[in-house]
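These are the structures, in structure tokens.
The two complexes that follow have chain A in common; it is paired with chain B in the first and with chain C in the second.
Right after this comes the complex of A and B.
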């Protein structure tokens, strides 16, 4: 069989240099550190995860969700960001 | 907040530098310490009239970046329905309503590069360009290519425009006729003459605009000078 390529559309993608599940996509700081507005890691600077499984520092995500331009969407997948239920 | 923004922009610029592969660039516009005003650039996509050109983008980072998108406009003039041919303003949803804080300066530049391959004349930023693309695509391609050659430094190739007359111009410019170039570098002049203008007229336009001869060296002309030369040649 001979295959002739008639058209080739290159699609550009990008990714963080560190695996994306280890950094907050908004501030690009590791999840084991705090978001840029907090000093101490731990409960005061919690992580949140959406039903879509994308995680962020809570403070970073809230700054985004509070903007009307966010339309309440997850920054990663642009689905409605809904809190993932515990358990 | 401000220092967080600076740190993230700094990281982004470092990431862009580290990736030599994509040919995307971004540097401080003027003052090296000011990372809120950058100049980005990328090559025109292959298979488009913009191929071989380099496109510079003026980038301003707002105080609430990355929650608000960077403001970008084309610094290099470009003939494209979604970019103003006058101001370089861009119509692209990624840079307005579809912005997300996980996007980066680099991803935004990549979207601009792909915008050049996928013109959307139904949602134009420049109505004149969009009309031309819809009504006479051939004419659109020709003008887009001319602009790429004049403003973005794309090589003037013989397979664009009316082929035979261009070849004649080139062959006429043999060793013996170098005098016609009046001390200007041949490549500089040929970049315009290969678009179908007489060498004599191009040289006259160079003189009129006051382009430096630099001892017959080949060098990169200022965007302003190129614009003035083109305007002179087109009789504007």
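Right after this comes the complex of A and C.
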């Protein structure tokens, strides 16, 4: 028997490489959702992870880090927040 | 902008000794807290907290203070005695000031910190200069630069 495929539709799902049920500590929305200012999850509302391994929506973290009183510290552990290089 | 989802999650589970009294808007909440151990200073007492959120919460801290309720309300509430709590309900706690706040703090975590601040206390007294402070202070809570006179309490 010979089958001819006329058409196919690829479907994929994605999630960030982070446990699915974890939430951003700042906005409390799941990482696979967006920060409160964005509408579409994904590259437009990326995550950021510090060397301390704490992760946040990048927009949430930037709102905090931009504040002088944050002193550039991680909201979770109060160590200096330094971007973790991609391994 | 942050507040909506964040505050509504609180209502799903409330830690022991903490109860939501009023949360019908995103500007002001009231919470009741009890101390769970046998500290005689606070035994069988319930205290009322008022949280005021700015539109920058949780990037900025909420304003948190104890409030009094008269007997006529049916839920009488007093201001707990503590060397860091003024008799008008204003609380001197580093995590509530801009310098000590972190945006991962929540209403629950603040209530729990206050529970433990009370639990750990055995001094039946007000902060130094209490009467003068409550007579003269007109500043908003977050603008007060507390001098943390005593880190051991």
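In this text, the second predicted complex is superposed on the first by the 66 of 87 C-alpha atoms of A that agree within 3 Å, B and C clash if a C-alpha of one lies under 4 Å from a C-alpha of the other, contacts with A are read in each partner's own complex, and residues count from 1 in each chain.
The rule is simple: contacts are C-beta pairs under 8 Å (C-beta built on N, C-alpha and C of every residue); 3 or more make two chains touch, one makes a residue touch a chain.
Please read all numbers here as calculations on a predicted model, not as lab measurements.
A.B. asks: Once chain A from each complex is brought into register, does chain C clash with chain B or fit beside it?
C.D. replies: Clash.
A.B. asks: Where does A:36 make contact in the superposed view: on chain B (first), on chain C (second), on both, or on neither?
C.D. replies: In the superposed model, A:36 contacts both chain B and chain C.
A.B. asks: Look at A:28 in the shared chain and tell me whether it touches chain B only, chain C only, both, or neither; answer first, second, both or neither.
C.D. replies: Both partners, chain B and chain C.
A.B. asks: Applying the touch criterion given at the start, work out whether A:78 contacts chain B, chain C, both or neither, answering first, second, both or neither.
C.D. replies: A:78: touches chain B and chain C.
A.B. asks: Which partner chains sit in contact with A:63 here, chain B, chain C, both or neither? Use first/second/both/neither.
C.D. replies: Both partners.
A.B. asks: Taking the stated contact definition, name every residue in chain A that is touched by chain B in one complex and by chain C in the other, in rising order.
C.D. replies: 25-28, 36-37, 60, 63-64, 67, 69, 73, 75-76, 78
A.B. asks: Show which residues of chain A lie in contact with chain C when the two form their complex.
C.D. replies: Those in contact with chain C are residues 25-29, 36-37, 60, 63-64, 67, 69, 73, 75-76, 78.
A.B. asks: What does chain C use to touch chain A in their complex?
C.D. replies: 1-2, 4-6, 9, 58-60, 98-99, 101-104, 106
A.B. asks: Touching residues of chain A toward chain B in the complex: what are they?
C.D. replies: Interface residues on chain A, with respect to chain B: 12, 14, 17, 25-28, 36-37, 60, 63-64, 67, 69, 73, 75-76, 78.
A.B. asks: Name, in rising order, each residue of chain B that touches chain A in their complex.
C.D. replies: My answer: residues 1, 3-4, 7-8, 11, 15, 18, 22, 66-68, 97-102, 104, 106-107, 110, 113-114.
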